[in-house]
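Worksheet: one structure, shown below.
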Amino acid sequence: MTASVSNNPKNRPPENNWRNTLYTIIFEADTPAGKLFDEVLILSILLSIIVVMLDSVSSFAAIYGDLFYTLEWIFTILFTVEYFLRLICVGRPIRYATSFFGIIDLLAILPTYLGLLLPGGRYLVVIRGLRLLRVFRVLKLAQYMGEADLLIRALRASRRKITLFLFTVLTLVVILGSLMYVIEGAESGFTSIPRSIYWAIITLTTVGYGDIVPETNLGQALASVIMIIGYSIIAVPTGIVTSEITYASKYFKGRVCQNCSFEGHDIDAKFCKRCGAKL
Amino acid sequence: MTASVSNNPKNRPPENNWRNTLYTIIFEADTPAGKLFDEVLILSILLSIIVVMLDSVSSFAAIYGDLFYTLEWIFTILFTVEYFLRLICVGRPIRYATSFFGIIDLLAILPTYLGLLLPGGRYLVVIRGLRLLRVFRVLKLAQYMGEADLLIRALRASRRKITLFLFTVLTLVVILGSLMYVIEGAESGFTSIPRSIYWAIITLTTVGYGDIVPETNLGQALASVIMIIGYSIIAVPTGIVTSEITYASKYFKGRVCQNCSFEGHDIDAKFCKRCGAKL
Amino acid sequence: MTASVSNNPKNRPPENNWRNTLYTIIFEADTPAGKLFDEVLILSILLSIIVVMLDSVSSFAAIYGDLFYTLEWIFTILFTVEYFLRLICVGRPIRYATSFFGIIDLLAILPTYLGLLLPGGRYLVVIRGLRLLRVFRVLKLAQYMGEADLLIRALRASRRKITLFLFTVLTLVVILGSLMYVIEGAESGFTSIPRSIYWAIITLTTVGYGDIVPETNLGQALASVIMIIGYSIIAVPTGIVTSEITYASKYFKGRVCQNCSFEGHDIDAKFCKRCGAKL
Amino acid sequence: MTASVSNNPKNRPPENNWRNTLYTIIFEADTPAGKLFDEVLILSILLSIIVVMLDSVSSFAAIYGDLFYTLEWIFTILFTVEYFLRLICVGRPIRYATSFFGIIDLLAILPTYLGLLLPGGRYLVVIRGLRLLRVFRVLKLAQYMGEADLLIRALRASRRKITLFLFTVLTLVVILGSLMYVIEGAESGFTSIPRSIYWAIITLTTVGYGDIVPETNLGQALASVIMIIGYSIIAVPTGIVTSEITYASKYFKGRVCQNCSFEGHDIDAKFCKRCGAKL
């Protein structure tokens, strides 16, 4: 077999025919077998999530409960086998097991086993949805990856500003929530400071369930102030992220090949993909 | 008849006096007759929508029900005749029938006929509202078209980023909704995973009906987290769209005629509309 | 008296001592008397609004109702006298009476008289609040005016895009509201198409009162779609306005005096306010 | 003792060994003792807030009430001692006592004493949370400070535009609220103009509790208009803040060392932190 270019060659096992072939099928998507494997995997993940969702609807569970239960175990056993195959065929199993995707792959099979001990726990298998991220990466949806990269870059660049903003919001809701607790008291539903903070979050974020509502005049006046604060400061994270996205986009879009004036290079490209000139 | 410049000359029927005249009246708005036709059409569409709306109000329907019913059929028959006239006078009837506006023209008359089989179906005639889009295009509200063009361009440029964002939001609500189902359980109204996901969407988008509300402490804590996430990540689509609109606007506004320094050219203009110099 | 520079010299009456003096006091704020008049006016407007508000609270009205009623008439008579003085001392009374501020000045006194015929009508005197706009203008809060000018300019520049956006939103809520009417029907509170459209607006704008709520599975699924649409398309007006404000600000801030490099000129300045060089 | 660089050397007391040492410990964080003091302080503040929160939950208070009460007094006495130590060791006690942080330090201890007179008042000790701001400043989280500086700069630059926006929003809710009071009247919950204004704020900010809801057709139509206004004008503060943050960021990011092309200087840096060249 000629070596296909792997995602991360360091994870590839040393020369060993069957492990190498398995690795190519499971971790890559360049061969027909690898692509088929990934497509079957996406389908299985989606189906197993749908089964669990339907199982939680009591009218469906009453009729098809046994079928759903059987299917769930079939999917779980399949994913368990897959997990061990990944462990076997990868070059450094411990590095894989402790990687972001390795942990998600494990979390995706645990809930069903957990469900044997804790009824209800098995519904957490929807965490399997996160596995789709890996498969999408393997399928190399290149343009989406470029855009995702840009967004992540923008969010990472603004992480400190966002942290400051969230810290301010948290301080605000703690102080305003406690103030409301003192003003309104238990008879309006503000039964404790944590519950009043919960109300302040509902109000500041403009969610407004209406399950707890101020009833005194002073309380309604303070609530009005909180609403207007919440309505105004949403501008801050938006401004931060917009500014970073604009900056990242400009950098991204501004890269034009000096030789052939081609635009739209990948964000990490060093050479023009059309004429090969250095960027 | 001197040939008026048509919207799309390929759709124009071959030399044939009455079909050509009909085409000019129905599909164009450059002649007085064509303009009158379009204006009558806009009025009819608006009136037919108002009739259906009033008919749905039981107090009006009780008194004027028969009148509304008669009017609705009159409008539907008129639009049906118009649809067939369009089919007849257009150069390539199949291409028209399968075009975006051709389908909308058909959908605009079907609900009334459908209402004979399915009571309630006839209320869907409000889809006629979409026909206004075509008429506005025919009326050549040029500046609005330019702006709409710019907005559509910006949205199209950000479609991949928006898709990524919506995919992230969907994954979030599925996982968080399931978690809430496990935490809260049926007695608080979280009766199934799909219903919990519905609640998660209500909370994340900051709509907050309050029809389903967490009641346990852990549930309220998780709800607070979802609210703050929803309040913060709204910044992402806003940032994306703002960045693209700014980019598109700059391109749009930056175009100044080198010869006479006139600004505000159409987005697809190749020559200055004031002095004719090449842009 | 030396002629002070008036706001709009064309409105100034022809040489006539007492009318000219009155004009200076009422319409301008450059003389001590004029400034005092404006300050008394602001106070009277604010007081008259507060009186009407308190009068609407039944517990206050029960005790101080007569006092409030007397005060309201005193303020109304004062404002009526002021309105006629404005008419008398202005150069062209009809132009004033039909101007934006002339109409507001009239609307500010009518509700109390209207209240003699229509009980409840008198609460509309809060429209007096709009008069504050004029007084603020007279007080020449120069920097605020510059900023307001910039904002109005940005909003005016984006009016066509905003109109397109609102038209799209309206078409969306009409079609989605009607669809919900067909899906949910009267038993869930969707009693008519207009009411369903009202619900669609509540949902799309993420207000979410919770007074009308979908109960069928299909209805909740469609509601989820509407919420996510509403959550996403808020990005469009934000993007439009942000783009225009950024553009206007850049123009505003970019203006640097070539001679003394002073920044921060008024948006309509033609000469540097520090060194007098032409900009 | 060699003089360590203080935050604000003017506050440092004149040559006086024990006061100087105390000042270094309490107000600075460059020595091990100073750093330890700040870390213990952060912990005490967080613990004292948690104690008050738990104490407000009746089920906890029933069991641990006495413990919480004792702990609260211990923290309060500690903070009182700390406050007087700050007064003693600072160079100009009155300037400290009247400074922003001096007032917060005082407010952080008053509520417990106030609680002796006014039950409920003691819950206001959560205001201690604001003290964290000072400690964070002392700890010199330099990069966070730079970002916070940028945000504050952007918000300060937009304060006039935000004031104009808030003034417009206030005028809107007063007029629209009064109009709703006239339209809906007391039977729908619009019992007074202040309460109707409260409702208008709930609606305009898209919070939408649903505790007060219009019931007449006209009222629902006006409510729809308010919602759409609220949904649209959120774009204005967002646009303002975004524009200023973009402007401030550009200034911040654009600063590249001419000598070594290092980016990312502090906003107030005058020399390159890598090569020392003048910026």
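Note that the chains are named A, B, C and D in the order they appear, and that numbering of residues resets to 1 at the start of each chain.
Going forward, a contact is a pair of C-beta atoms (placed from the backbone, for glycine too) under 8 Å apart; a residue touches a chain by one contact, two chains touch by 3 or more.
Note that the structure is a prediction, hence the values are computed from the model and not measured.
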So chain A and chain D: same face meeting same face, with over half the numbers shared, or different?
different
To bring chain A onto chain B by a C-alpha fit, how many degrees must it turn, rounded to the nearest 5?
90
Rounded to the nearest whole Å, what is the centre-to-centre distance of chain A and chain D, using the mean of the C-alpha atoms as each centre?
31
Inter-chain centre distance, chain A versus chain C - centres from mean C-alpha coordinates, in Å:
44
At which residue positions does chain B touch at least two other chains?
165, 194, 206-210, 230, 234, 238, 240, 242-244, 246
Within the complex, chain B is touched by chain C residues 160-161, 163-165, 171, 174-175, 178-179, 181-182, 185-186, 191-194, 203, 206-210, 213, 217, 220-221, 223-224, 227-228, 230-232, 234-236, 238-240, 242-244, 246-247
State the interface residues of chain C toward chain A in the complex, per the touch definition above.
206-210, 238, 242
Going by the contact rule set out above, which residues of chain C touch chain D in the complex?
49, 52-53, 56-58, 120-121, 123-124, 126-127, 129-130, 132, 143-144, 147-148, 150-151, 154-155, 162, 165-166, 169, 194-195, 197-198, 201-202, 204-211, 230, 234, 237-238, 240-246, 249, 253
